[in-house]
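The chains carry the letters A, B, C and D, assigned in the order they are written, with residues numbered from 1 in each.
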Amino acid sequence: MQAVVKAHRGPGGEVVTVPTPTPSDDEVLVRVRASSICGTDVHIWKWNAWAEERVRKVPMIFGHELSGEVVEVGKRVRSLAVGDHVSAETHIVDGTCYQCKTGRMHICANVQVLGVDRDGVFAEYAVLPELNAWKNDPKLDPAIASMQEPLGNAVHSLLPEDNLEDIAGKTVLITGAGPIGLLAIAVAKSLGAEKVIATEVNRVRFDLARKMGADLVLNPVEEGDRIVRTIRDATYGRGVDVACEMSGHPSGFALVFDALTPGGRVSLLGLLDRPTTIDVDSALIFKAARVHGIFGRRMFETWFQVKGLLAIPAFREKVAQIITHRVPIPELARAMDLIDSTQAAKVSLEARW
Amino acid sequence: MQAVVKAHRGPGGEVVTVPTPTPSDDEVLVRVRASSICGTDVHIWKWNAWAEERVRKVPMIFGHELSGEVVEVGKRVRSLAVGDHVSAETHIVDGTCYQCKTGRMHICANVQVLGVDRDGVFAEYAVLPELNAWKNDPKLDPAIASMQEPLGNAVHSLLPEDNLEDIAGKTVLITGAGPIGLLAIAVAKSLGAEKVIATEVNRVRFDLARKMGADLVLNPVEEGDRIVRTIRDATYGRGVDVACEMSGHPSGFALVFDALTPGGRVSLLGLLDRPTTIDVDSALIFKAARVHGIFGRRMFETWFQVKGLLAIPAFREKVAQIITHRVPIPELARAMDLIDSTQAAKVSLEARW
Amino acid sequence: MQAVVKAHRGPGGEVVTVPTPTPSDDEVLVRVRASSICGTDVHIWKWNAWAEERVRKVPMIFGHELSGEVVEVGKRVRSLAVGDHVSAETHIVDGTCYQCKTGRMHICANVQVLGVDRDGVFAEYAVLPELNAWKNDPKLDPAIASMQEPLGNAVHSLLPEDNLEDIAGKTVLITGAGPIGLLAIAVAKSLGAEKVIATEVNRVRFDLARKMGADLVLNPVEEGDRIVRTIRDATYGRGVDVACEMSGHPSGFALVFDALTPGGRVSLLGLLDRPTTIDVDSALIFKAARVHGIFGRRMFETWFQVKGLLAIPAFREKVAQIITHRVPIPELARAMDLIDSTQAAKVSLEARW
Amino acid sequence: MQAVVKAHRGPGGEVVTVPTPTPSDDEVLVRVRASSICGTDVHIWKWNAWAEERVRKVPMIFGHELSGEVVEVGKRVRSLAVGDHVSAETHIVDGTCYQCKTGRMHICANVQVLGVDRDGVFAEYAVLPELNAWKNDPKLDPAIASMQEPLGNAVHSLLPEDNLEDIAGKTVLITGAGPIGLLAIAVAKSLGAEKVIATEVNRVRFDLARKMGADLVLNPVEEGDRIVRTIRDATYGRGVDVACEMSGHPSGFALVFDALTPGGRVSLLGLLDRPTTIDVDSALIFKAARVHGIFGRRMFETWFQVKGLLAIPAFREKVAQIITHRVPIPELARAMDLIDSTQAAKVSLEARW
């Protein structure tokens, strides 16, 4: 089969012919119908410091967001059949560690990540463990189906725990309107948020934030120091109830705490890449703030929430607008250039080889 | 001022002239702009067994759902001013009992109910304690503003506790599409429910259930025994995640448990009026069901949720459709006849004297 | 090996020689060191109506509470090794149904129960799926280790959901001081309950209830109608915060609601065996009661809680007192007679063949 | 009456004669029976930068932890009577702000603090709003009764939200064994924690930590870099489930995250006084950590938990051990010296004038 392979410990990737993999007893073989690019893929493509340290296995097929069709099932697989449409949960878990045994598989102590620790999905076929193959509505657009992992990140950021105050009637701040931030805006509106405020500097994403339903989109560079006051004025002077940091920028990290109402909650998703300074007393303690670090998405509570939201036509239509470009998988280099430009939100990869 | 008064311990009510009340130091005086009829008012009007036992104070102005404008404030009132638009939370609490001191004011051990234990709002003016006067957006339609209590019942049925799994992506059953059931359908859809199933026999309400966004509306008489199977088929064979009993009918009470997925949750709002038989083992224990009795709405977490939802134009428009009739307050007898007919959902009362 | 086998669809059981089972790739073989008798075993022994309907497989080794030592592991087993001390979680789950995929394995839609649907543990050896073999501290008394399932029932009754108000400083009612009720008393005290009230008619269990730490033990027959008032008087006039129904008796079922403070919560564990009448309005709705049906125990959040509690010496000592009799497994008939008498609480079975 | 007054904006305080205050309609007058010293009092005594900035009202009676007897009640007070024994919740709230109306009075947007914003309790008599006067069991030792605020801080740190996973069977780390840290150890053990690990450098407090029931007490200076490994080794290699930062030291702040199991939770109570650096990615995001800023204690859920725990004799006895010194209130200067020494844990103040 054809696949995009990281052949050497350095930038780039090559389209090469490799053997089609064989599923083990607990796995399924999937023909890839669409895939999409996550920030992790960009890091591996560029081979930055994170990739150099994190990625062990080279050569490796990378990529992990996909939708496809099951073409072969291992002999112990019971819940899936040939012909099923599936997407992948990327976190391959051991099922027996403390986290797995306490309802927190997504932070398995021995997690392996598809396309990072083992061969991924930028290929004609991919192998998935039964548990990681999520069955889709066959009528769902494959490009949207392949985006369920970042959509899950967005949902998980807004609803990180099993039992946590809902979003209904709340004010929500999303700092950073990259693909996950944009999805989070759409999700928050679908959960009955009273008002969603987003921040973004990129013009394309700024406009998309409005299309996702943000009631107020702010450019933090233009707003400067008055941004906290602007947000307070837009929230009855109270500050936001829920804030999701999705920019990975220190100013976004500072803003989610500054703009929070006392007792509000913050979800941190954007990686900051370096130690950051915070005034713990005023940001966290005096404010009785609640903070959730967001990693992956719940397996599989979040996936059911995503499935439910995608069953709503208006929600699907919004999500589709985030796909600004569609590129055949073998042209991954061009797709990476698009992401580097300021023109793209989500780039979908088509299975045209 | 003019007011509708229950003058004798028996059916009906009279429009009479009474002194305009004077607010105490902790109260405000409100000029009524609109009000609406709750089931409790019907009981008092008809003077059924419940009313005979529950109502002590006669003569009494009854009615409790209102919107109005503050025209006078007591001298200790700090959070309200003349000119503010307000609605009423009906539960007047002591603030010092066990329930009040543990975040459960809505089930105050010494609650007094407006229009039941003290003079209510079917009048030109009404007096409200500061805490019970909820400030509205002045642009909100008074007819809708006066419906925030039943809307709060609907929201509280779906989100009964502080931290409880949300509705996003869940399947929801509402048995009984009276005014609160209809509102619950609209609310569930606004909270991101994947699918809302409603049951109703009355044709007017059946049609309104669809307009509220129910994905499936079933007539339990027509469905008969196959209704559980129909609901299972509509929920991937699993049964519903959340069920709200709003019919007050034994068949609805049975159905919410029969149609529930194991581990799902049930909210009980509709009063059954008599002891009812249930197979506790199969309905509750083997199913690991979770049940919430619903009384009032949270003070004031639910009100903030209601305010947030009413800030969404599409939601407001839905709620407006539930008002099938508008009648001047002095014509309360006619309004009661409309409710007895099979033609009405919510009857709004206009302040035309 | 020797085993106690239900050979015919009727009362009793026989000690016979059967082949020692062989673990499959995902299973372990365990040498039984101790086991104990659950109510389910009594039903199967007596072959009551429930057993006739529920049990399909005969002949079958029954029993499910055990502790033992791993003597062989399947080739895919990673988290256990020969020599490990283990107990069994009885619910064998499919891992892929809706409940399993949403953190509710204990109510798996396709659950198989050890000793009910497949061979159990009243034998020299037993086979367990890796996931169901819970690793014990090797220093834990095997008799206590074998009681972790009912201990888990007790913990799960008090803490049924992931995030639910804790027991600290709360008043707790336990109706019925059978083995699980007794354990629930000990657990509630270990969780910081302010006051634990228990009800029981049997004298042996009544006395044990005190030893478990109950602050007040009431005989419901002697108390009669004044029992609700007695409980209110013992709880500042408020009623209890948490009530666990563990008697399986209609009077216990009625009492947990009557004695509850408004907004309190009820866990229902005791099976009632027949439809029961309840005044839904007063018991559930006006009281804003919250009810949890209790089935099994959470896999494996509850097991970790049990492990943690058993690490506390004072708690272990209390649990040990519940074992009123120790009988060799082959003398199961005598053990069943003891349970029928009014003299026993928990009967432990020793692996002496 | 006699009182300790901060007469000038500078260090120290004076015992002077001032008029006995008169309660307003909503207040009670309390004769002080015992009081105790909080860190806030030390700041005000020493008049550090925080005090210079925060304290507006001088001259002012300071102090806020007390127990006493009601000697006069305002005419609107219903829940208290002359002769009642009470302690004070220090946070005087407005009751109408967003936080107060959503069950979060303890972080009232307009809070006034006793002994900081208005006259406090280091006096013969003090005035308290009805809502802030917490009724005690009259048999409770006044010295212990006056410590319920810090005890509430400890409980609130362990159980910060209404519905949050309990402590039962969990491993808990407490960094810093000052008075609140010591109380937190005792509380955690009373809530069924499997293992409580504490850190402390001061020898007196180190020994008290053991007496409170800590299973492991570590001196972070002696342990140095290996402390994280030591804690992991003591928690099955997993890290702690719950960590409470009570040292106010950057090394404690770092440790609570380093020692946390993925998905665990952290409560931050100790003020750090300056911006602090944290590696957000590894400490919070990859670890899916949950963080609660702790301010005050819940009004009055936490107080009921405290009351319940204090009803347990063994718990009361532990708490009593934390009182290392008893000093008459007029000798406050000596009490402050004791706190500055390394010899004291909690200093109780006796009402001997």
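As a working rule, a residue touches a chain if its C-beta (ideal position, glycine included) is under 8 Å from a C-beta of that chain, and two chains touch if they have at least 3 such contacts.
All figures in this text were calculated on a predicted structure; none of them were measured in a lab.
Hopping across touching chains, the smallest step count from chain A to chain C is 1.
Here A-D and B-D were compared by C-beta pairs in contact; the pair with more is A-D. One inter-chain figure worth recording: chain B and chain D are separated by 42 Å, centre to centre, where each centre is the mean of the chain's CA atoms. Shown for chain B are the residues that touch two or more other chains, namely 98, 102, 161-164, 304. Considering their complex, residues 78-79, 94-96, 98, 101-103, 130-131, 161-164, 298-301, 303-304 of chain A touch chain C. Residues 155, 159, 161-171, 187, 190-195, 304-309, 311-312 of chain B are the ones touching chain A in the complex. For chain A in complex with chain D, the residues that touch the partner chain are 98-99, 102, 104, 106-107, 109, 160-161, 163, 236, 238, 253, 261-263, 268-269, 271-281, 283-296.
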